[in-house]
Amino acid sequence: MTPVHAEALLLLKSGRNLVALLLLVALSVAAVWSGSVQVSGQQEVIERVAQAQEEDLAAVEQAQAGPRGDPGYAGYYAFMLTQDPPPALAFAAMGLRDLQPYVLRVRALGLQQQLYDAEIYNPELALPGVFDWAFVLVYLTPLVIIALAHDLVTGEREAGRLRLLLSLPGGGVWRRRVILRYLLVVIALGLPLIVGACLAAAPMTGTAAMLLTAALYCAFWFGLALLLGSLLRASTTAAAAMTGCWIVLTLILPTLGNAVIARAIPAGKGIDLTLAQREAVHAGWDIPKSETFERFFSSHPQWREKGQFEGRFHWKWYYAMHQVGDEAVAEDVVAYRTSLIAREDWTRRLGYVLPGVGAMTIVHRLADTDQLGQFAYQDSIAGFHEKLRHFYYPYLFNDRPFTRADFNQIPRYAPRVQSDSLAVVSLLMLMLVAALLAYLGARGIARVSGVQ
Amino acid sequence: MTGATLIAREEWRALLRNRAGLVATALLVLLVLVASFTSLERHSSIEADRAHYQATVDHAFDQQPDRHPHRMVHYGQFVFRPIAPLAFFDSGVDSFTGNIIFLEGHRQNSANFAEARQSSLLLRFGQLTPAFVLQTLAPLLLIFLGFASVARERERGTLRLMLAHGINGRELLLGKLLGHAAIALAVGLPAFIVLLGFALAGAAAWPETLLMLGGYSAWLLLWVLLSVSASALVQRPRDALAVLVGLWMVVVILLPRVLPEVAAARISLDTKIETEIVLHRELAAIGDSHDPEDPYFNEFREKVLAEYGVESIEELPVQYAGLVGIEGERLTSAIYAEAASRSAARESAQNRFVHAFSALSPLLAIRQLSMTLAGSDAGAHSDFLQQAEDFRYRFVQQLNRMQAELLPGISGEDPRISATYWQDIPRFDYQALDPLRRQEDILWPFVVLVGWIGGLLTIAAFAAQRLERIAK
Amino acid sequence: MSDKQQHSAPGPAIAIENLQHRYEEKAVLHGLNLDVHSGEIYALLGGNGAGKSTTLAALLGFIAPSAGSVRVCGIDPVTEPRRARAQLAYVPENVSLYEHLTARENISYFLALADAGQGTDRRTDQSTDRIEPALQAVGLAADAWDKPLAGFSKGMRQKTAIALALARDVPVLLLDEPTSGLDPRAVLEFNQLLDTARERKVAVLMVTHDLVSAVDIADRIGFLAEGRIEEEQQASAQSVRFDLNALHDRYTHPGAAA
């Protein structure tokens, strides 16, 4: 029997360790399964909505299109669907996808009054947060590690085996024990992730980076467990102290950080811009139409010659007014986005020192399900909206009828390109913290496993 | 002095000599204070923001120039949900709901700008409120203080000594329970003082405050019973710690997260898009007011003409388009209301599914109770939505009536009515939902908590008997 | 037991010369001299705090003595603890092994641990060959071999630990208070075991304060007091090998040298 074999047998024959490991396997499998269910649920919703939307568009076409069809009415009634299908790795880290809309209809009117519409979700269900692999990694794995590693040396001392173990000529018993536990934890987390990634046809690199993050995060907790285990003489005290560390690092400091960030970086510009946009659009009715056109033409000079019309109302003015309303709040839009990005930035920075937040940031950036992913979706909607407006303008300004054939020409939204990325600095910082703790833990073990 | 009180006093002395325990307790107390302070500060800034916004938009509404009333129907009104006074104690779903709605004619817009949608993932770690500290962290502290209470005596052999000196198992356990119950209430005390201070200052109603105190006391006692009973049932302190932390993890962290997923998978909500499409279709099925051949609106016209006793639309003393507007609003609102109640029914079915498991995870019970009493639960939010919708219907119809009644007297191709009329339009006057009227939402959590306490007392009684038998 | 290792270095298996050790300013050993030869059982007697544990710790390489030298089969446990430990087996006081493993599993586990880093020659799986004879030799009933230790009596645990030491098959055996807490019958069995060890030319150093047991089995007895050997007695060839009364006086009144 090789020493590693012997250690594995010893580990798996101990009830507590076996239960802890099996629990982690079960949680990890359940989380990947639950994440996959959520992903396929979102895919189904997208398909369902797309189907309903096709029918709706057909009905609009039926009602509005004709040889003398009015492009103004067509653009007014024809909502176009945009959708943000779950990224391949979303099953592991759902992030904000339970709150943020992943289907949104837009039409060629003012974008800013359409972009922030909320989809229906049940706030009470959203309150506790999603159950996914990232949750198991960040919250629950540390507890399993605590169960496995808090009494590595002290447990042997308390059981009266330490001197016997130390009297044996073979070395490396602690190293073997730690590495064995560490590998089993990483495998328990990693295998279900790999299976899920294969089923979801997720990219290899993203999956590998997630595994690396998990490995580093686990290394941090093992290091901390060994360090505390070496500083505290009683294993029960060590377990309590480690759970205390877990509470501080994953419950208290992140919530405190959130309170500080939310307070320091207000995001009220969203409301401001919505209110300002309403004023801009409605004031348009009360000011001379030429004023609205003048502003519109300064950004759309190609239609400058087409600003005249007979009567009180023309759709081209209506669309121009909406566009001018959007342009009037452009600064607010930038300020709003800037404040949200600042919140993201500070969260990421907090993650440099809080490994739980760091791991959270990295895996959700890899899965592209964080706020940045939502921004990318919003930007792609904005791009599509612009295409949609410019599609209608020639009909409106040239007074061209909108026929059935034209209905088929309406641009369709193509899902955005994934914006996932590797949060390099966060990963490096996690690596640093993990290496530091692993080193301190190893030193601590070396110290206490000497003679007493 | 009886044996039980002696043992309770001994337990307090042990805590006073346990440096780690004291530090942890002090930290939790500090955390409650920090949470109260930051949450109160956040609460008042939200309150001020929303009041300021509401005043601004109300003022802007009054300042609108002379207009066609239908333009004002689409200028609409913004309403902001005022935050409930006790929401500082438990912010509930407040960060997860949009708290601003744009109300306009024949559309139901969503409540937007939920804080959770504007925050990074950090918000999902939880929000630092006194409720979070009491619900999530206090149980862990009580576990740490209580897991060794009996198992320690057993391991050191003092248990046999005590029994040999004539203290029976029942007295011993009662003493430990008394000691730790007092510790638990001391742990909750700072939060309770903050609540009482609020009630004394008149910022919160007494019944809600007292029910809140009762609920949280029951919650803390529940964990005392759990940790002392577990400590009495196992052989070694560390086994008690493992069992209790595991239980905490399942009850406080895992189940509250897993159950919503199950509920969402079992009962799905329609998207807003689907709802709108269906509405559009149903409206189209009723009729088209612009179509002169439309049977529904032809009938409506005949009815109107008969009502006013005239032959043609031109002879009407009111503007017919305005009447059609009123009728259209009535029809769309009815369909919207139906869709909204369908959606609300599904949401509450999801919530009921989760709540049904509160017998398994009493956290769900205390959370529900706390949010309901704080006025920050989903029920209070949907009540706000309902009030906003009722208000929307009233002011839109008032504008429609203005159109019908005032416009015939005004000539010109761009008829407008005086801006002074805008001030006759009511402003949104939100009436906070009285938690005490929602007896079921308060009663059930109490039943669950009391049920748990009862069950645990039975287990404790069993453990007390077993204590004597095992000590031999 | 087939490939019994004989230490080839000349001289005693355990050689301690002028050993001195301080522990936080307090001298625990000053000038201890002690030899144990192969096939000899040496009982080191002493009261609490006489320095018995420190002597064992020095042999195990747990401490670096302030002065003097320690050799296990000619190897310095301070500079080469691994090589030194490879020559000895240690049975601590109050033996505790893994409660959830069986006797056989425990021995197998510790053998694997002892073999780790010992090169490949002993990696080959001979554990069964080594374990069963050892268990047999210590007289542990065969039906207990595959039962978890949690149900073992103190004597059975002791036997398991000594079986482990025998299975290690090393030239030096260090025993820390081996008879404490054993009933007379178990002590008798233990003494028989040591006879076996003597026959196999193992050098046994037992540290004890149990005079009676030492008298029964030891070839030599050393009295440790205030960090040095105060007196040493060799067993005579007669059936009464030691004068128990004289020894008892010696033991209870250290320092009053004759």
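Every chain is named by a letter (A, B and C) in the order it is written, and numbering of its residues begins at 1.
Operating definition for what follows: a contact is a pair of C-beta atoms (placed from the backbone, for glycine too) under 8 Å apart; a residue touches a chain by one contact, two chains touch by 3 or more.
Because the structure is a prediction, the values reported are computed rather than measured.
With centres defined by CA atoms alone, the chain at the far end from chain A is C.
Ranked by the number of C-beta pairs in contact, the top chain pair here is A-B. Between chain A and chain B the centroid-to-centroid distance comes to 25 Å (mean Cα coordinates, whole Å). Rounded to a whole number, the gap between the C-alpha centres of chain A and chain C is 63 angstrom. The geometric centre of chain B is 70 Å away from that of chain C, both derived from CA atoms. Chain B makes touch with chain A in their complex at residues 20, 24, 31, 34, 38-39, 41-42, 45, 49, 53, 56-57, 60, 64-65, 67, 71, 74-76, 78, 92-93, 96-98, 100, 102, 109-128, 132, 136-137, 140, 144, 148, 237-238, 241-242, 245, 249, 253-254, 256-258, 260-261, 263-265, 268-278, 280-281, 284, 343, 347, 350-351, 354, 377-378, 381, 413-414. Partner chain B is touched in their complex by these residues of chain A: 16, 27, 30, 34, 37-38, 41, 45, 48-49, 52-53, 55-56, 59, 81, 95-96, 99-100, 103-105, 116-131, 135, 139-140, 143, 147, 235-237, 239-241, 243-244, 247, 250-252, 254-259, 261-263, 267-268, 270-271, 274-275, 278-279, 282, 285-286, 312, 340, 343-344, 346-347, 350, 356-357, 360-361, 364, 370-371. Partner chain C is touched in their complex by these residues of chain A: 1-3, 5-6, 9-10, 13-15, 159-161, 163-173, 176, 450-451. Contact residues of chain C toward chain A in the complex are 57, 60, 62-63, 82-86, 88-92, 94-101, 105, 108-118, 123, 125, 127, 161, 174.
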